[in-house]
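Below you will find the structure I want to go over with you.
Note that the chains take the letters A, B, C and D in the order they are written out, and that residue 1 is the start of every chain.
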Amino acid sequence: MFDKKLGILVWNEGVHEAQNQPTTMAEMYPDGIHGALANSLKSFFPASEVTTATLAEEEHGLSEERLATTDVLLWWGHKAHEDVSDEVVRRVHRHVLSGMGLVVLHSGHRAKIFTKLLGTSCSLNWRNDGERELVWTVKPSHPVAAGVESPIIIPQQEMYGELFDIPEPDDLIFISSFEGGEVFRSGVTFSRGKGRIFYFSPGDQEYPVYHQPQVQRVLANGVDWVAQPEAPRSLPEVKKSPRDWFTTDQSAK
Amino acid sequence: MFDKKLGILVWNEGVHEAQNQPTTMAEMYPDGIHGALANSLKSFFPASEVTTATLAEEEHGLSEERLATTDVLLWWGHKAHEDVSDEVVRRVHRHVLSGMGLVVLHSGHRAKIFTKLLGTSCSLNWRNDGERELVWTVKPSHPVAAGVESPIIIPQQEMYGELFDIPEPDDLIFISSFEGGEVFRSGVTFSRGKGRIFYFSPGDQEYPVYHQPQVQRVLANGVDWVAQPEAPRSLPEVKKSPRDWFTTDQSAK
Amino acid sequence: MFDKKLGILVWNEGVHEAQNQPTTMAEMYPDGIHGALANSLKSFFPASEVTTATLAEEEHGLSEERLATTDVLLWWGHKAHEDVSDEVVRRVHRHVLSGMGLVVLHSGHRAKIFTKLLGTSCSLNWRNDGERELVWTVKPSHPVAAGVESPIIIPQQEMYGELFDIPEPDDLIFISSFEGGEVFRSGVTFSRGKGRIFYFSPGDQEYPVYHQPQVQRVLANGVDWVAQPEAPRSLPEVKKSPRDWFTTDQSAK
Amino acid sequence: MFDKKLGILVWNEGVHEAQNQPTTMAEMYPDGIHGALANSLKSFFPASEVTTATLAEEEHGLSEERLATTDVLLWWGHKAHEDVSDEVVRRVHRHVLSGMGLVVLHSGHRAKIFTKLLGTSCSLNWRNDGERELVWTVKPSHPVAAGVESPIIIPQQEMYGELFDIPEPDDLIFISSFEGGEVFRSGVTFSRGKGRIFYFSPGDQEYPVYHQPQVQRVLANGVDWVAQPEAPRSLPEVKKSPRDWFTTDQSAK
């Protein structure tokens, strides 16, 4: 249980849900993937406000006002990355650089916001054969690994394999292996501007991964870790600074 | 204010205090450097137990029992590094690898425990001319930088300059400059085993650095960040693991 | 002297040169900044082909054909970042991810290609008062620091100060200080895709920085380090990989 | 083929060879593991001097004179870590901090020199069932990955699994998976002082791993990368530096 009071916004493109595709979707995630994630986070963060938004909403539910009160944005997308407006992506990007936390999930690795923040293609190898995934902790001292067993066993999962074209992460917390022998850096952090980012790959529209308690714990840890509710939301900017600018408004502190 | 309940132990060799050397010591730090640090931390962590220990105590006040209840150990040493017993150093080392937090201060860069954890000489350039030090934040998203102004202005300080022979830190949070033009990586983190380490260089026996509110804030942030009170204290060990060991006591979690 | 045979392309927007602004430009850099850089690199890489290109050329001199034979691209820009076509930026970005080396210089920190690769604003504090800059080596084992004295003394320079809004670099090699007390991560590396990037901040249109032998050595080291002439130029891409794909065309190697 | 002229010293405890244990040893590695490694390196570095040394030699073959002419030391040990004298370990440690390259192999993860340089236990999970190991490249831009296929397939190997208790490496180049599902950070670099270190886990006394051309290529890359033959061999030391020390013997360079 986390006692922070956060504004947590779970964003999902919502296309698999709208199409009930795969046909197990409605049964597996009756409230959508975003609903399942939000329900889980509510139980971890009882003092926080957890809401959801989808692609179909006006401005994808990611207006300036909405983001201004969001401490942590979670992002799930898969089929409709290209339908996210560039203006909204720029807005989210600005908020992350200004201090908003971002948790990117699974196929969100190809979301515009993720590739824009990382600067790389974020491409990978994949195969959907329902293989077992094992998620191994390699940085046990990191807050995101707290209370997490190693390995987490995911009975069936889409395979994501290296080469995962991401920059060197600030922290490599989890590495996954798959039955076929591939490996994947499945839990990684980045800082961009004043914001923190956590990417976690387990989770898919075909498997009930987000119902696993250990996966939920990782995501709660991730939300807690990227959140900076007390930090002023301000963008790093080019500033011309006269000599000794820092002594004019400061005494020894 | 931090609401965690921690066992915080401020260790100081206590030699400058015992010798009242420099002669300003007794006036500047009437309770010793450890006392000043403890008093500050008590105000930040009202729910925590903050105690002190010194070299002169039996086992330097760092018995197995004491460390077992210590979530965060702060270390200040300067003149008497060689007088710290190797057995105690091995004990502290084991506790850090097992998850205890460690905050190493100023001239503690040459403490046996620090060089043992880092593997390098931790040597540096120095000069004591009472120069102004400016402490610049370069990773504003890190918890240790929260609420800290950049730069912190330290009116007079001993100069510590590069090359600081440390391994590449996990996080580089602060870089200092001095009037003479030298620079120093003055706030850095490391993880070793399951433990977290924060090193912060400002602070000396000749200057009232530890009375500056911003320095106290950094140290409180550092203590908060290295603490893992809920993590089991266990040493990473070589284990022979039969195939499928992880499925015998785990179902999908 | 470096014996690699490289295709080295020095790109400069060339606007300061075209306008002879500042008025010392023509005398200080009679062949332009790009010409000065190219001349220096020719002396370090006698077996290499060193050429130049500017904004005014067709496709800014950065056609697909040109980039295909370029092992290392150096980038100097300042006044005309916005005039660089997005198409060319995407092309250069693709080549970097595919393995081309990139050296970004001074005010190129705000070039489209740099912010696109890094994902951040790359903003900083600045002031042009002709202050002395000291460039300190903090990672002496890095190839880019080979043969470089610490500090490099730059008698007069524009001040670039933190916060420099860049992602955590792969390697932090140099930190600068300025007379006014500011510090700057002045020599940093990044990897993006299969490519290597080196950013070095000393160098300006108003000061003869690129004529200093030690600065020239750093840039030659940087070019040598980012170059991968034997690596196939190929973009990391999303691939669907059938199970055991790697055993079909490989025996134990 | 690498054209550097290096002093390369392959060190092996040599106990498995002396005992012909396992009984396949003499056939698999007729010149010992050190001999096999040296033969391979000779073919990659025809201009270099490649020699070997073992535990049984005086000072373990690692005298001050020998190390002084060694650019790169490779270290293979397994059964006799405790028999390596502390004095020799301190000597090697000093040479690494002073700039000598070090390549640590397989079970050398528990060698005194490795734990001393890294500061952690370097413990791991293991099992010897002859499982297939796949070695995946995750940092293709690193020199050690040049010309290496991903994955390298090792038909039979001892399993080394996480948690591998090492500090965060400077570069994570290879991650391995094993048939049983474990993963391991199998190719990592560290810098310590002025020296570079590469650790590579594939290789064992029971399997002919060091005869695989791709493994040999990795090791040759590693040797090439840690070598700094032109760097002066000098230990970072504490220095008292008077103000402006750097201007007395330097003009603008």
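By definition in this document, a contact is a pair of C-beta atoms (placed from the backbone, for glycine too) under 8 Å apart; a residue touches a chain by one contact, two chains touch by 3 or more.
This is a predicted model, so every value here is computed, not measured.
By the document's definition of touch, common neighbours of subunit A and subunit B comprise C, D.
When the partners of subunit C are compared with those of subunit D, the chains appearing in both lists are A, B.
Residue numbering shows that subunit A and subunit C use the same positions for more than half of their mutual interface.
One finds 32 Å separating the Cα centroids of subunit A and subunit C. In this assembly, the C-alpha centroid of subunit A lies 37 Å from the C-alpha centroid of subunit D. Contact with two or more other chains is made by residues 134, 139-140, 151, 161, 163, 168, 170-171, 181-182, 191, 193, 246 of subunit C.
Those residues of subunit A lying in contact with subunit D across their complex are 132, 134, 136-140, 150-151, 161-164, 168, 171-172, 175-177, 179, 181-183, 185. Here subunit D touches subunit B in the complex through residues 97, 110, 116-121, 123-127, 129, 159, 161, 163, 165, 167-168, 170, 180-182, 190-193, 235-244, 246, going by the rule given at the top. Put simply, subunit C touches subunit D in their complex at residues 99, 134, 139-142, 146-147, 149, 151-155, 170-171, 191, 193-196, 212-214, 228, 230-231, 246-247, 250-253.
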